[in-house]
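Each of the next two complexes has chain A plus one other chain: chain B in the first, chain C in the second.
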Partner chain A sequence: MTTILQPDDAIIPGVSEPAKSRATRRVRGLSDRTIAWLFVAPTIALLLVINIFPLAWMIRLSFTSLNLSMSYLPLRFVGLDNFTDILTDEDVWFRLQTTAQFVIWSVALQVVVGFGLALLINRQFRGHSFWTTIILLPMMLSPAVVGNFWTLLLQPQIGPFNYLISLFTGVPPSSFSMTGQVSLAPWTIVLVDTWMWAPYVMLICLAGLRSIPDYIYEAAEVDRASAWRQFWSITLPMTVPFLMLAVLFRAIENFKMFDMVNLLTSGGPGSTTELVSITLKRAAFEKWRTGYSSALAIILFVTVFGAANVYVKALNKVKQR
Partner chain B sequence: MRTFNWLRSSAATTVLGTALLGIFGGGEAAAQGKQLTLCWAAWDPANALVELGKDFTKQSGIEMKYEFVPWTSYADRFLNELNSHGKLCDLIIGDSQWIGGAAENKWYVKLNDFFDKEKISMDDFVPATVVGYSQWPKNSPNYWALPAMADAVGWTYRKDWFSRPEIQSAFKAKYGRDLAPPKTYDELKQIAEFFQGREIDGKKVYGAYIFTERGSEGITMGVTNVLYNYGFGYDNPKRPYQMQGVVNSPEAAKGLEFYKELYKCCTAPGMTNAYMQEGLDAFKSGQVAMQMNWFAFFPGLYKDPNVGGDRIGFFVNPAGPNGHFTQLGGQGISVVATSDRKDDALAYIKWFAQPAVQQKWWQLGGYSALKAVVDAPDFPKSAAFAPQFLESMGIVKDFWAEPSYAQLLLDMQKRVHDYVVADKGTAQQALDLLVKDWTKVFKEQGKQVASQ
Partner chain C sequence: MSGSAVARRGVSRWLRRGPWETGAMTLIGGGIIMLVQPWSIDLYSYSFATILAGTVGYVIVSHFPE
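This part shows the complex of A and B:
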């Protein structure tokens, strides 16, 4: 006889002794639902304290005039003034443009380089593991370390980078500054970011490449498909979802890029490489404009969240095909 | 049984751990009453202060603990600490520009009563340091700090290069005058142009090192040394916060153009984001003939085995066509209002204000602001840079010290760096935009800003 035990069942006739004792324990103790809640509660509490409460607090602050360097001033409710200020500020739009250009170029380059590296590493050759480790090293470094040592590498007088360029082009090494020239600085941050994160894209692509069953290639070879044809008809289409995932991760990360760029250029020369995250940090923790920076953070959050959602929907459509 | 054993051992460990925590934690708590934490920037004078502080510990039995933060994050770190009413620092040597915010936000303890009680008179200190580091509102008898570290922007030069006959004759042939430390910015630029790209001892050298840093305060602390002397002011002395025509006067714009010319013609490549440390590196490595930097670093430079001693000379910030000023640096020492050890912290300030301690402070490499030290007859001979320091302290001007100083500073950093380093717009446009930025900040602060 099968009996479905209900938490509130007090007496269950015809049930075996161990089952009866279990049921009694449940009745006397806690219900399954309660136990489930008990397990989940700490995580929910943590989420509320660490994520939800600060978010709600930030939304509240974004409607105020709070400036922490002048906390003696009365706190005023300013409605949508902070949002209007931001959205009508030419400088903020420039910073958003700078950020968009950085995201587009760096992610595009990382996908090309990362995918290329994945194709190379996917082949079996001598020293395969060694080269994989070497390629993965940059992404294991802290962005602070990367920012600092690239600053040295790019130093026009003593940095080897300029000497290397000089070797190939004949341009005197100290005649140009990668981080100090308006025309070069935006490309420099793209270059360094690509150097650091292309291996990450490579890893994701490698997972995609390894997931393609060998029999598909074997069938293609039976059909005498060329390597080029195999790439276009099998490799690329089957790794597209992985590439799209890499693009999503890298785009979100680069949209909030701060540390490496801050160390390399401090947003300079002038404001040439000032990404919106640097503007936000300056507004929040240097100018102490808490109300204004909360509004800016919300705008950025909504932008990234919205863009990511649209992208995820597109990704799902690709997967369904 | 195993479970029981595990439980038993865990309980024992917990009890033992708690007991140990009690012993050591309690011990620390007991010692805490006799310990003070002093917060400052990590630089040469901080090491001198550690040395000096040993005397205080010897006399008072109070241990000194130090929190020194690199200059690049000094303001961020400690303003954050003060803003959040943290208890890390009992004493803080805060930057001169913080005084307005610290006083208005009640981050510092007001020291008037303490000074009266201990008979510490602000008349005994160099006037510029009292106004710059202690008073808020400025020029009012409200004291929030004791002048601790007098400082200003000065210049170092390669005395050994300047004195070489072949260099002297080449300079005279080109400019028709003797090569000597410059008295005006025009002279400085000529000398910088003369040295730029010149080969000395088989090495290419550059004319001058000036501040260009973007992130914190660098380029502002550099450019103001030229701007003041060309006619730049912060506001109309008769109408506070009236900046139009003062900040962006045609003379000020010429000063800004001059700074850019100096940057373009005569600095080493790659100095697009450089402040104190980069200047020290450039000078110590024999790369530049002249270096703008804070006096605080000069004792260390004078001791440098490669460029110090007879090889280094010092001069006061040169004059411009409309005045002779230099940028004030330095800090005052304050008691943090949230400290639990205010009495001990005040005892430290009382000890630090003594003439004998101030004299030793100067000897160790700090810069005293006490008149008894700097006005002593033998002071100018006490260090190679002492006369220039004295003269500089008589012509100092400081940046805004308003509670909103950080906003004002970052606005100036942006506008000046955009023009000087990033070639964006004209000098006049940069200063016009600066007036616009500053007007907005002051209006947010509730100040009346007159346009004319």
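This part shows the complex of A and C:
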């Protein structure tokens, strides 16, 4: 196809000369900044409608006594009462401790497993790409799918996990329930989360390992440094910023964890695995305490926002390397 | 050197981003530890105020000159 470009002052059939020059002037009159704003405006409008407005509304509700099961009552302003209730409530405090224990154990395991896998995958071997893909598969699944999938695997009567354990320990498979026993349920959610997210830590660590120049190892070998010494003096220190990044990101994500744990244990048995996000859901959609749950959501939001600031700072430091 | 220039230099020496950002991040980290620690409910009660102060402080000091 041939395209004929018309010069600015060419006469276009059907368009009168003054009208054309007016249109040209109008388009030329828009500055780059205005055009940029025109492109960005729809996105900003969408963000305002679906992010900022609900957030502002939630902040407003957190200062009220709204209970949706009694929505016929007039909305009463209660000041900071909801925040005071939450910050003096021992139940919420215990749920936050449960969340912290879950975050600490799952992130620690993910770092150990992920870093180990990264060290293995960093070597060149036959079937390298195939095994990398297999290891990355859990990370690509939806948490809802993982929750349902592991519920079946951990089922005491028909699930293969209990049979596998009984094969090694000799304990009858149906004599224990990974999701139904107080002593095992917290470890089950840690195990499943580690299974799902250790590959993500592996990817970040792999990026760190690949960024170490070969000449450093060559210099270490000239100095007759052992493999162990090379690991402690070169590999680990140069991967630490990447590890920190993975730790911060996973800690923030696990602090907000809801879907997978809700599907696996629903916070049970009792409230052994009740993370604070599940407490929030129960307050909002089972007890319908909207004002109270809005205040709890704000406390969690500010916590995650603060941690995210630290995360971005760490990210910038890694970028500067 | 004029008095105002000296004062400006003094202010800019105090308004450096680095130390203030570190302070704000320490406040955020301390607040998070206070929120989830299992020992004192009083610390838990003041945790949100600490995190909020750190976060708002961080947003402000991140606009300070380098």
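Here is the rule we use: the second predicted complex is superposed on the first by the 278 of 321 C-alpha atoms of A that agree within 3 Å, B and C clash if a C-alpha of one lies under 4 Å from a C-alpha of the other, contacts with A are read in each partner's own complex, and residues count from 1 in each chain.
We take it that a residue touches a chain if its C-beta (ideal position, glycine included) is under 8 Å from a C-beta of that chain, and two chains touch if they have at least 3 such contacts.
Computed from a predicted model, the values in this text were never measured in an experiment.
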For this session: Applying the touch criterion given at the start, work out whether A:T272 contacts chain B, chain C, both or neither, answering first, second, both or neither.
Result: first
Exercise. A:K313 contacts which: chain B (first), chain C (second), both, neither?
Worked result: second
Problem set entry | Touching partner for A:V145 - first (chain B), second (chain C), both, neither | neither
For this session: Name the contact category of A:S177: first (chain B only), second (chain C only), both, or neither.
Result: first
Problem set entry | Which of chain B and chain C A:V302 touches, first, second, both or neither | second
For this session: Please indicate which partner A:P156 is in contact with in the superposed arrangement: first for chain B, second for chain C, both, or neither.
Result: first
Problem set entry | Touching residues on chain A, where the partner in the complex is chain B | 65, 67-73, 155-157, 174-177, 179-182, 262, 265-272, 282, 285-289
Exercise. Tell me, which parts of chain A touch chain C in their complex?
Worked result: 83, 87-88, 90, 93, 96-97, 99-100, 299, 302-303, 305-307, 309-310, 313
Exercise. Along chain C, where are the residues that touch chain A in the complex?
Worked result: 21, 24-25, 28-29, 31-32, 35-38, 41, 44-45, 47-48, 51-52, 54-55, 58-59, 62
Problem set entry | Contacting residues of chain B [partner chain A, same complex] | 75-76, 79-80, 83, 101, 104-106, 213-215, 268-273, 287, 403-407, 410, 414, 417-419, 421-424, 444-446
